[in-house]
Amino acid sequence: MMAYLTFHPISVESLRADVQGPDRGGTCVFMGTVRQDDDVTSIEYSAYDEMAIGEIERMLAETHERWPEARVMLQHRLGMIPVGEASIAIVAAAPHRDAAFAACRYVIEEVKQRLPIWKKEMHADGTATWVDPSGKPVAGGLRDR
Amino acid sequence: MMAYLTFHPISVESLRADVQGPDRGGTCVFMGTVRQDDDVTSIEYSAYDEMAIGEIERMLAETHERWPEARVMLQHRLGMIPVGEASIAIVAAAPHRDAAFAACRYVIEEVKQRLPIWKKEMHADGTATWVDPSGKPVAGGLRDR
Amino acid sequence: MATVTVRFFARYAELTGCESAAVAVPPTATVSDVLARVRQTVPGARDLPPRPLAALNLRQVKLDTRVSDGDEIALLPPLSGG
Amino acid sequence: MATVTVRFFARYAELTGCESAAVAVPPTATVSDVLARVRQTVPGARDLPPRPLAALNLRQVKLDTRVSDGDEIALLPPLSGG
């Protein structure tokens, strides 16, 4: 069993080893990697760890209820992540591909909505901006909705 | 650029390296692995190579037309593949996850319908059965539809 | 009085310059009341948005949820995981 | 006459015991005509299904498609890739 949150690079291979098995013929993987938007060089991820782990456990329990034949694992990386490296990986293995795709997609959508995790973009010029969920940078402290 | 057909184990890492890039933040992978149905120990895959390669090139061209921002690669393994190992891997990387999931799913559905590739299941007792597309074994020569 | 712990994350931790604060509120207080008290006692907290996301004991809650002695309230900037 | 190559795959190759055969047909022949000729000349081919999947020069075609000298016709068992 792997940790849900890690400060190290994510090993998709290890996640796969956790969920694959001889009766599961379809595996769907999703990886989110840090994108080079404008002059972003890396993103610093921080979390409310205890709550994030609780939410992940609930998400995986919901996934298991909806697709009992699927096995799903996810790992979210925290700390400074350079462009091109993965911030999250989700692996869903199931006897057939429908369940593998559906379970994997369900988890990433829930992650985006529920996980108490935040991104701070680091720019080439040394400045940093917090990212809001719509993907727009938040410059000051008063621009929340 | 990797070969579409191979007789060696598939390296998903190499496929990913082929399609990932700093402006593509979402990557969806599908892997089909040999499932341990009943007493199946391995499956022998054979292909009409020249046609399969042509179909794969057409599929990938269609995918590029529908999701121009996505980069997609696939590899299908041939020969004897033991239970648990991958017969196919598809990797789709795109700036955002919608296109990555959609392109990956499109390719596996087309593969199932169009690729001139066949499976022969090897059983623990030494017998072998051809698999028809509905997944049912075909015992004799006259049971085609 | 009830004493609760308030935790600040990400940009809110930057605004307040602090990661957590102990706050005393009446026993009938809600998360909103805790937030109002935080605004008075934690300097940078005046710049928090009027209705931030909040969690109570590790679950998201509405701002009118009642709090109890020993609870942990967290103020969460818009989530951006994944 | 036109001479075409017929290729057999997977179970059909097992039935006929051969991977390919050269077949001579009239210049106006269709894939169906090639198939009929194959049934006469290749021993195990009698057991082929009445209307197998067929490809002409690497593309799936209907059985009434015309063939030309030098074409490659392939007879394909139900596909099961992936």
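Labels A, B, C and D are assigned to the chains in the order they are written; within every chain, residues are numbered from 1.
Everything that follows uses one rule, which is that a contact is a pair of C-beta atoms (placed from the backbone, for glycine too) under 8 Å apart; a residue touches a chain by one contact, two chains touch by 3 or more.
Small disclaimer: the values here were computed from a predicted structure and weren't measured.
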item: Neighbouring chains common to chain A and chain D, by label; value: B
item: Chain separated most widely from chain B, comparing mean CA positions; value: C
item: Chain B and chain C, separation of their C-alpha mean positions in angstrom; value: 51
item: Centre-to-centre distance between chain B and chain A (centres being mean Cα positions), rounded to whole Å; value: 26
item: Separation of chain C from chain D, taking each centre as the mean of its C-alpha atoms, in whole Å; value: 75
item: Residues of chain D engaged with two or more neighbouring chains; value: none
item: Residues of chain A touching at least two other chains; value: 32, 108
item: All touching chain pairs, where touch follows the definition stated at the start; value: A-B, A-C, B-D
item: Residue numbers on chain A that touch chain C, as the complex places them; value: 32, 45-48, 50-52, 54, 76, 87-88, 108, 111-120, 130-133, 138, 141-142, 144-145
item: Contact footprint of chain A on chain B as seen in their complex; value: 12-13, 20-36, 83-84, 95, 97, 100-101, 104-105, 108
item: Touching residues on chain C, where the partner in the complex is chain A; value: 7, 9-11, 14-15, 44, 47-49, 52, 55, 58-60, 74, 76-82
